[in-house]
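What follows are several structures.
There are two complexes below, and they share subunit A, which is joined by subunit B in the first and by subunit C in the second.
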Partner chain A sequence: MQHVIDISSDRLRLEEGRWQPLARRLQTAGLGAIVVALAIGAFGLESLLRAYVMNLCYYVSIALGALFFVLLQHLTRAGWSVVVRRLAELFTTAFPLLALLAAPAVLLILTGGLLGFPAAVHQVYPWTDAQYVAKEPLLQAKAPYLNAGFFAVRLAVYFAAWVGLSAWLLSRSLEQDRTGDPAITRGLGKWSAPAMYLFALTLTFFAFDVIMSLAPSWYSTIFGVYYFAGAMLSFCALLALTVHLLQRAGYMVRAVSVEHMHDVGKLVFAFVVFWSYIAFSQYMLIWYGNIPEETAWYAVRQTGGWIALSLLLLFGHFMLPFLMLISRAPKRRLQVLAGLACYVLVIHWLDIYYLVMPPYYFKLSDPGTAPFDLLGLLLAGLLAVGMGALLAGYVLRRMAMHPLIPERDPRLTESLAFTNI
Partner chain B sequence: MSHTATAIDTRRTDGASDGGRRLHALLVEFETPSAIKEAARRIRDAGFVRWDTHTPFPVHGIDEQMGIQRTKLPLLVFACGAVGCLTGLVLQWWTNASNVDLPAALNFIRGYPFQVSGKPFWSLPANIPVIFELTVLFSAFGAVFGMLVLNDLPKHYNPLFRSQRFRRVTDDRFFLCVETADPSYDPQHTPALLRSLGGTAVEEVYDEPTPPAPTRIVNRVLVVLLCLALIPPAIIAKARVSRSDSPRIHLIQDMDNQEKFKTQRAYPLFADQRVMRLPVAGAVARGELGDDAHFERGIVGNGYAEQFPAHRPEVRLTAEFLQRGHDKYGVYCAPCHGFDGSGQGRINQRAIELEEPAWVAAAALTDAERRSRPVGHLFNTITNGIRTMGPYGDRISPEDRWAIVAYVRALQRAHYPRAGDLAAVENIGPRERDGGE
Partner chain C sequence: MRTTDNNGREFDNTADDPRQRAELVTGGLGFADVTEVVSNVAERPRPPLAWYVALAISVSLLGVLGAMILYLFSTGVGVWNLNNPVCWGFDITNFVFWVGIGHAGTLISAILFLFRQKWRTGINRMAEAMTIFAVICALLFPGIHVGRVWLAYWMGPLPNQMAMWPQFRSPLLWDVFAVGTYFTVSLMFWYVGMIPDLATLRDRARGKIQQVAYGLLALGWTGSSRNWHRFEIAYLLLAALSTPLVLSVHSVVSFDFAVSQLPGWHTTIFPPYFVAGAIFGGFAMVVTLAVPSRALFGLKNVITLRHLENMNKIILVTGSMVGYAYAMEFFIAWYSGNLYERFTFMSRALGPFAWAYWTMIGCNVVAPQLFWFKFFRTHIWAMLLPVMCVNVGMWFERFVIIVTSLSADFLPSSWGGYYPSWVELLTLAGSFGLFMTLFLLFIRFLPSIAMAEIKTVMPQAEGKGPRGFDYNPDEYESPGRVLATGGSH
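Here is the complex of A and B:
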């Protein structure tokens, strides 16, 4: 027997009039920051392209985490998470804008570069450089897959799949808000199984295509899982942070209790450990095999300024959050959890930075030629703020259109009464 | 469901007189989780300490109602995990990387440095999996055994089992039980308090004057099992200090005795009864005719060849051929002679470090003596070995041996360049010169 939590006094809708101006300001500021970044980037086109791809991968990863979360809750028929599921559904509304943001980069690669960009494109994605491919037998063998045309087609397919999946999940959930039909929950549970396959394949190949192909002679079959671990981690952190901000603004105060946030905190902790497990698995196999074309990828990241970033990830992405989140207390104090969530979002950004920003060309005889790119850091920071604000404003508009929880979900009562044993 | 007023049942637990028995506890029965939660809150507030609730399933929130503090188990698990982590770390350091001088009597616990695929003896990436597994194992042990200890388990007997009514605790009834040993227990007031809780029945549970011990048959079985369990370690202990001429025990018969003929065994089908068949007399394996003394033995006339066997298509002094030599040299020669040909390979270094008496130092391939050797001589040394160096003719094909000789020549030239060599290097493109990206 569960005693029913009364949420009739809870504010579960963002008032459009109150939040639209903030959303507009965020979008304006975001666009401004992006324009400034593009202007500064004219001085270093390679750094600009890397920084742009990097931030795109960062925000796509968070949206993918949200998409996975929604699918997972439907697939496992989870009861506890109903009160936070709508937020995840609303995060995935970012996909159309993310597709729009990805389009210029894809077009640049497809056209082989415009306005003096070819050199930069060739530096960032060496497989687009026909002269370089002609010298590398490995890249010639990969050419049927790794060519600009097919690359663009694949990215279009991925984004189409994500936009379609997220739109379908949200629209069904909103339909249930109107009708209260429990058959919708059953249908979502059934169809989320094949959708999960689609998600796994698209995420893995997105990571292969956009990030792994930056170093086209390097390969790691676990790479998709690595990207996924960070995606889910950063989404859970953003979820905790968003709930905290909404509750501070007076929304969903009774609907989402410390019990739910405790579980979100557990997920953050779990994915900190999972990320470390995967990251180490990838590192250890390559370290042990000691094959030059595999170790070169790590060699770049262990010289120059990059070694500092590698060590920062080891301690900052694993040991520190592991020790901070292992005990029960910080997961049940929403302010502490929100602080940790901010930290996790920053460290995941650095993780993507570590994947994308180091150069591919590397001379073993002269490790000093892979210096830490300060212009790249500046541009990446600017674009992070710009894209982040643009996306936040975009998602905030959609959040203001719909209730913050699935109001007539059949498992809502169960979710409201949820407690950890 | 009868919700009549609480029927006070003062029936003795099994109807027997209470002569010699003592009152162990008072048991209150409830029909719903909410009823027992409310009752638990009142007993908690009354200040009892030796009491408990028993339910057919975990009742959410009953811990708070009973005033149970959070378990200390997580701290225990964390401590066990930390111990496991350190155990994994120290174990691997001790076995493979420690260099501690111990008295001879303690030699059996000394570490034994074992080189695996050229990795350092002490290298964290290789050690982390074991550290991780031991951390998980120790944490799991801490969780399971710590839970048992903290819960006072396993427990073979509880006086509550004597109550017929209590059996429904695994089905559909909820019980609250206050022990008479509780300091707050009062023979007058406590039964009255329990009756007022709103349960469907209150029962007195009596216990034997001395709790029953396990029956003698159980004890005997335990003793026999314990004795039997001592047999395998006794056999092992005996085997460690004695010698035996009989074959070892085959635990897995079909792995040890396979249905196949092994080398050097008899086989009655053939007249000579050998399993291993000899090739037909005069048979020569493909490519092993041995008719090209220059190519296969490095000999021209009566002496060592001064030139590479350029008449063979396999031997062409190209960049690919040198690369092949470089690769094979790295596999077969570098462990002793070093990648630079200085004779300071890892095995050589290690042997000298351990002061191996039988070790003959690996030759420096770039010294004056080796630089003056004809190529055929170097080829012959690789093929047949020299001093303690074994023959490699059976492992490396002739063309690869020639490639190694060519690479050794290149190494020598790199150490002692001639006039004009530098100009040749200048003409090579920058990407090739860097030798890899």
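Here is the complex of A and C:
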């Protein structure tokens, strides 16, 4: 190692007294925005339900990205990333609140809708509508999987796995802050391998259950990978943004250097390309095969106002960030990288929007055109702010309880001394 | 040269202490020792007997390949048992198998380079060479399977008086471009990386022939800082260019199948699934070749147990990805509710080709699970069991995909079976002869380990280490370093 950075003067803890009020204000504002969204949503329950599901999937994806990042660092015995790993661990503390936020969806599906919701639930998740299923042999064929009871059980399993896994990873890491025991690192490395299996399966089936089943006749084997690509991309962007904000507030200024951010920027770039590769694979194969059951899903997204969103993703989710991030300079200028990270977070939100919001049409004889749902956009925006602020406040509280870096990780010195060649 | 520790066992540098990185060169070797050990392979007057035996077998098989191709050309593709509906059989199975093998090299040299995986330096040269030879074997099959081989040039976009142009909408044509590009860039990458080491062999050469041959290949390398500066820029750029190629080649190969509407072929996960499978099979082949090479040519201190263990871990990871893809295909086939999809997968598992399917599952999904145990990752004979299974299993995977889907599609009246003719079997065997002949010649006559690169990951490169300056033994005490005290010559 070339040289060791002295971080004794670095501020590595958020003072609770300073940050708790902000967290409280964020949560209040978040709840306020959610209430407003619910009030407006009374005029369009289907739009409201879709907006809620899409934002849930959006925030779950970021937390899943963080969970994967932590597992991957342990599994590969990564050295460079130690100084940013704790932030990822702290992001995953969002899972209990995300589970709570997912509960209404499960309840709505289990009860077949409350307070006039049945029609909306049936429109959003057509497989919950017994009358509709009775007319559709394809849906009857998959009824053993797509039914309310099993759906609820599966979601409970996924969230239990994520809450448990993330709590375990954080608690072991905090334990090491106290003891400095290298055996903890070894144990985490060892158990991260089987944990990856759990992660891969739960993420995939979450994507199948919550997003793919919105169009229950449609299927794509790559769909879990598609959701994963966006998850990792948005997490890396949020990581870059968070580091930037913390450093502007005077925290971890020496611990996290431009070298680490350069690497985070490389990961953002890599996952922009990976997402594009997966999105292209899915689109091209379905387009080329031209089988009606598969193309129907894209057909909806290429009519009405949705075509604009499709094209926006092609240019905005791939070409633009690809060109912006390919050179070295933007990845090493933190302000530029933070700006790009904001952009990536927005474009990933639009990607989830594109997956969830368009209506489902199976009747190919009469596909009609799907008008772009402006009310849905408004509600989705409101809920994005509301749920985002609520989650940010929740995570900020937890961030203020713990050190911002794993203080006694055996690879900390390696990470501090890390430089790109 | 010591290749064992004080207890007479091979140096075990696989211990996992998070406080410090394990050493990647064992036996207390310094820079000069690494040059000695590696150059010795090419400089020793004669290689071990086993090399001659292996070469004799390989060249014989190569002869068989030549005879089979001659027979094919002179008689026609009827000598293969291909017919409707199974119009692709061993030929395309072999093609995809060999292209897949050809993925590990560029993954190691490009992607692991970008990931700063220092251990790649011990095996990258060998793996890259293997990549080149595997792609040569792969390119052979589409070339010879076209029937009228004298018209194979039609695949290229060559202006001609018939104004005939390739069908750019066909994935088979994309294959020509994808594999062609991959071969070209891999070859360049391999060669550029080899230049400093070729110069080393040139400078050490005693005979005139060696001096001239290595001298020509070394392109006037002087080892000046300017040379190194340009070399490193070129290497980084080639790594960046090769990275998308690692993904694109097998993705395009998967398009050959996935763009169709055939159940079992048309599925969206094919591109990443094929890439994972290619890396899986490629690494298995690297381990297969590295194990005897390091034993025969005294390379155990540079291709250490840790290198083998890491590769075995990658085999476990990519094997799990392949298992994930199998599971997704199966689940979605059921979930689709589509009669034909469901039938195809049930027929794979229970139909006339069930033996091939279960061979594939056993070799690709079950066998690599042994690598959960450190014993299997770090003991030579134990690791060869799963690795050999993977070599077999990845061939069967392509066979299962190609043959089961073709043999029973939508209409029962058009179903049909398939078994290979003796010509097809011998052609497959012959392709191994081609591959092994090239590999054996490479390992004997070219720098089989990236000497220059391996030195950059040794502790001495940072001014530390057993024979460098500024060495502090306390700083370097680890379970794998008992050897540092015990003199290396």
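Just so we're on the same page, the second predicted complex is superposed on the first by the 412 of 421 C-alpha atoms of A that agree within 3 Å, B and C clash if a C-alpha of one lies under 4 Å from a C-alpha of the other, contacts with A are read in each partner's own complex, and residues count from 1 in each chain.
We adopt the following convention: a residue touches a chain if its C-beta (ideal position, glycine included) is under 8 Å from a C-beta of that chain, and two chains touch if they have at least 3 such contacts.
Here the structure is a predicted model, which is why all the values come from computation and not from measurement.
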Which partner reaches more residues of subunit A, subunit B or subunit C? C
Between subunit B (first) and subunit C (second), which, if any, makes contact with A:A296: first, second, both or neither? first
Touching partner for A:F95 - first (subunit B), second (subunit C), both, neither: neither
Quick check on the superposed pair: does A:S327 touch subunit B, subunit C, both, or neither? Answer first, second, both or neither. first
Under the stated touch criterion, which partner chain does A:Y394 make contact with: subunit B (first), subunit C (second), both, or neither? neither
Kindly classify A:Y288 by the partners it touches after superposition: subunit B alone (first), subunit C alone (second), both, or neither? both
Is A:T419 touching the first partner subunit B, the second partner subunit C, both, or neither of them? first
For subunit A, what residues appear in both contact lists, the one with subunit B and the one with subunit C? 1-2, 284, 288, 290
Spell out the residues on subunit A that touch subunit C in their complex, using ranges where they run on. 1-2, 77, 79-80, 137-142, 145, 182, 185-186, 189, 193, 196-197, 200-201, 204, 208, 217, 219-225, 273, 277-278, 281-282, 284-286, 288-291, 293, 410-411, 414
Write out the stretch or stretches of subunit A touching subunit B in their complex. 1-2, 280, 283-284, 287-288, 290, 292, 296, 326-328, 361-366, 419, 421
For the complex, which residues does subunit B have touching subunit A? 32-34, 58, 60-61, 70, 74, 78, 117-119, 125-126, 128-129, 434-437
Along subunit C, where are the residues that touch subunit A in the complex? 16-19, 21, 116, 244, 247, 251, 255, 258-261, 266-272, 320, 324-325, 328-329, 332, 334-338, 372, 462
